[in-house]
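What follows is a set of notes on a single structure, which appears directly below.
Letters A, B, C and D mark the chains in the order given here, with residues in each chain numbered from 1 onward.
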């Protein structure tokens, strides 16, 4: 006991000391961006490629990715990943909607094992995490990293092979789950045999990105790069350790499960979302982010604190007290990096609110970034023991999970996709109104979804904590909120169909007059 | 930050540290060479039933981790004493669950020991609880004109039985029920049991 | 900043005002959340004293007698314990002097602590006292002797009489009362003492109406015939209200006003105060309209003489006819004294 | 790849070639302040909770020991907790109801006989010190461990029998094995006969006859019927129950019948019971009650809700007048053995069941108590009190034989 208590204190002290050291280092300019690096973003030889002084690339902080041929290399793998991701998004959200409907129409579609709630819900989760979010995240990395490193993607064929393997594994995993073959732990249902394929595919994604990083033409790594590069290292470790067969059992397996499941959010989806927002917000607005030092705190704070959070999913359960407490305290400490990221991103947006009117992609991304702040604050509060007693085991946590994985990451990625596609194809979206429609469908749908589940879940939790109210009451009172969730989910699914249509409309060959298709440059 | 190598090493180091704290250290603390007295391994039938439980995704609505009385009235609801890590000695994959859309099931075998009740409830939960939102599992049952030798006929209240014939449980349904009935951790908690005691009243803590 | 070239100038200039506004907003929001979280944590860890969970027990406005765990470990404490045993279980521990199925605790609820159930902490400081009932100064011992005589119906007991003056039974009972009254004022009427009063009602009282009240509110415990109920060992759980095993005609409880006050302030158990004044009077009248052991003071007197001497003007059916039956005759004497071995 | 043809509708729009970068602003002081504040209270919280949590685990383990009977209390404490409700702290019993221990020849014979009676219980008339008692003593075999039996029997024999022999736990274990199948003693005569000891003149034991169970009732109990599950499938073959499925063995027949009616009438809400009672006739309800009232089964209930047993004992034996809660025993009988059909036995009932019913009354799902007595009392109790009292009642020995018929007869005028 005493040893474990000491470990607990040790862990916190280590995190705290690390943060203190970081702040000391920043204030002493130990890790300040090399001014030379920052100013001169071109290696001396590169300037020879610039053919006219009139182009943007001759100025500091400007670089023509198109002319340098970087985008051209990335386009194919990114397009393939985006198409696949979009397909999984639509299928995954349909499964989500079906699962939601089954919670208040329990006898609907109940004649087949594959369509039972426990499997449909599992399919939804796995398809949106592995099919949609992971692939769209990797697509964003493949698009962004070469751009900030001023060098074309290395080994550009590998991601194509990776995508083929990845999608095959996701498809087979979905079929396996629908037929009852599952590893049986939340977020880890895909059978481990197929996880091997996913892991192999991951290697095909990692290698080009790391090779590109090593071959980069800039010295300084922009903040997006930290998140992306750390993410592609963290996620494989998490994934492999958590999926090791025959190693874990009993409650230890549960701690691994939630260490993984929460870190997928914290060390994989969050880096994707935050990294993406860090790139596209200043990119679209055309203004730098507020502070390098603050972004350092945001990143290392995330690494130090988020990594120790997961076990708050087992508060009040059969785990050592100190582990639960450790996760609670680290959850609360997440305020630090979240506020740091909030300062950097929201100040940049807040000083340039006009851009939200200008740019539909920015609208998605700024909304997503705001939701990161909200989701993290909510998560920190939710981890407190007193709050957790109410919200644990209820639909409230489902609402919170969607605030993070959907409102933050997914909506941010929507914006990124809308920004990337015209630059990949050289075409414009023919119906910008549909993008607008997509935005409002998912935002309104999500609002209904989130508030429905949060209120319903809270009431459900209160009912469950009151011994004088029978368990049935906690079920009956949530029904209207579950119906509201289905309404919200339907709007979101509809939004995804619009999104898929938008993606298809720009990727498919367009038979329209040249004059309409291309907009003359300035 | 300008170098990838330090970035990777520190990132992975932090993750390794977190793994040590959240996975390895509690794993060592909870590791047990022996099952607690009172807990027996699952029989072949119960294990098959457990596989059905896992494959149907029961854990997305049913937890298996009763909370302490200081935190929640689980004991009053008949869900059993607060569980400790040793209670899960034979469980893999674990099915602790994080949702209580339905009640906790760690002691459902003690609380609802009737096989025939469970068969009715699995066939159509709303035959018993009109408010229930649990899925029905008709595909685990078969409607026959007449029960044959060895068939287990499902008791169904009027209005839920098929117009003709009888409902007979499949082997999967019987296995699943056997697993549910085996869920019984009402033996005294082992003295060295580990669980989250963070909700115990602080009272006289000095 | 040197890179802000003419091209940037075309863009809408950064609005520092708006930026500050957002910055302040973020700081304010962050600080609020930190405060909320700190507060929650402090509350959880019990460091905020004012927010501690309120004490469940309702502090009543009445005198609080000490609990049993405060009985001292001393010769005096031993006496208190013996006194409490007699009080709770009179028929066993004062066996020779109890001629019915009652014990002190049947009327003095809560081990003699309950307000308006003639609590002993209120009675202790009221004696010695002049009582018209026997026209003399009564010490506490005299008063308890009266209880044995009437409420415990000592005339049918093995000894046929209350414990004699100076008996240890009185010593131990008085130790118990004295201890219950620890810290109580002396010679002062205390709030919650006695049984209280029920104001007279316009309708007066009626055993007929009382019968309905009894059936609805009392019969479940005291049985339809008012004879109380016993557990399987034959031990009274609910005391008999009339008949040979109840208090005799000389007891205070045989007076309708006293019984009405006791009933309204204490019955049904756990729901005191639920009967209206009228119901309390009526049901008290009903209970006291049945025959019970004769007044221990009657001796060779007639019922009418006894009534005139001891009951004149009281709210009591003694010596009156109810439903054509003269009350006060007394239930038949038992074949052998109550509690005597077979 | 096409050249840059992206739309530039608005001249304010930033140029396409801009590259994101970070400004060199220093960390705003509020962020540092927040970090320091969080760090400080994070550390304080950990320091504070660590001590609490270490203590909490120790306490929980102690509670576990207590609940599993591994912590042995001394004889006088066991006596106060388990014997004094009937035999009284002074060992004098209750006149005409409970025989005294003080001076009793049964006790003077020494701890073996005391232990034997504790393990088996007595059902039948018994004479002690010239007084005759209708003996109904429960068997404590399911309540006490061997160590407790030995401790308590030695204590009783020494204090009231002036017999100083000390019974060892091993002897108690041996005795338990020997008498486990014998059932209760048939009155004082049975004790004298089975042990061969001189116990004075004991009244003869008149054995009653057991009514056989009708085959259709037996089918109802053990096989179920049509859309109903069998009683035994949930309540156990002997009506012993588990968790929040109640023990039925020894409950008065009229009480059971009334509850079955109340399930049908909605005065008790239990979906599963509603299904079961829907097709029961009045005769069947009565017959089922009669069957279960006649069963005598050792207790399988344990105090397992983590309640405070001392508080539970206080509520059961003294009540809490500050909450207007009278003691349980003031209505349900001095040992929780029940009084007539309105006040069922509480002893040896499963803690989860008792607590859940108190909660149901408090929450308004059960409304079938006379005069709403239980509704009022339950509402006054806190959740912790409900658990405490349920745990205490579960720790008591089951109701001894002889209740069913006697009490049913007493209740016939209602």
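Definition applied: a contact is a pair of C-beta atoms (placed from the backbone, for glycine too) under 8 Å apart; a residue touches a chain by one contact, two chains touch by 3 or more.
Treat the numbers as computed from the prediction; the structure is a model and nothing was measured.
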Closest chain to the centre of mass proxy, which here is the mean CA position: B
Farthest chain (mean CA position) relative to chain A: C
Distance from chain D to chain C - Cα centre to Cα centre, in angstrom: 28
Cα-centroid distance, chain B relative to chain D, in whole angstrom: 26
Cα-centroid distance, chain A relative to chain D, in whole angstrom: 52
Rounded Å distance between chain A and chain B, as computed from the means of their C-alpha atoms: 31
Chain B: positions in contact with at least two other chains: 68, 73, 76-77, 82, 129, 193, 195, 197-198, 202
Shared interface positions of chain A, touching two or more other chains: 33, 56, 61, 286-287, 321, 325, 332, 335, 339, 343, 354, 385, 466-467, 472
Per-residue multi-chain contacts in chain D, two or more chains: 12-15, 28, 34, 38, 45, 49, 52-53, 56-57, 271, 355-356, 359, 383, 386
Chain D residues touching chain B - in the complex, by the definition given at the top: 49, 51-53, 55-57, 59-61, 64-65, 67-68, 70, 224, 226-230, 233-234, 236, 242-245, 271-272, 275, 278, 302, 304-307, 351-353, 355-356, 359, 383-384, 386-387, 390
Touching residues (chain side chain A, partner chain D) in the complex: 1-2, 5, 8-9, 12-13, 16, 19-20, 23, 26-27, 32-33, 38, 41, 55-57, 61-66, 69, 71-72, 75, 148, 222-224, 278-279, 281-295, 297, 321-322, 325, 329, 332-333, 335-336, 339-340, 343-344, 354-355, 358, 422-423, 426, 428, 466-470, 472, 518-522
Chain A - residues contacting chain B, complex: 4, 7, 11, 14, 18, 31, 33-34, 37, 102-104, 106-107, 110-113, 116-119, 121-122, 180-186, 210, 213-214, 219-221, 226, 229-230, 233-234, 237-238, 241, 248-257, 259, 263, 267, 296, 303-304, 307-308, 310-311, 313-321, 323-327, 385, 389, 392-395, 397-398, 464-467, 471-472, 474-476, 479, 482
Parts of chain C lying in touch with chain D, wherever the complex brings them together: 7, 10-12, 23, 27, 30-31, 34, 38, 41, 45, 47, 56-60, 68, 81-82, 85, 89, 91-93, 95, 98, 109-111, 113-114, 217, 219-221, 223-225, 229-235, 237-238, 268-272, 339, 341-342
For the chain D and chain A complex, residues of the former touching the latter: 1-8, 10, 12-28, 31-32, 34-35, 38-39, 42-43, 45-47, 49-50, 53-54, 56-57, 269, 271, 355-356, 359-360, 362-365, 383, 386
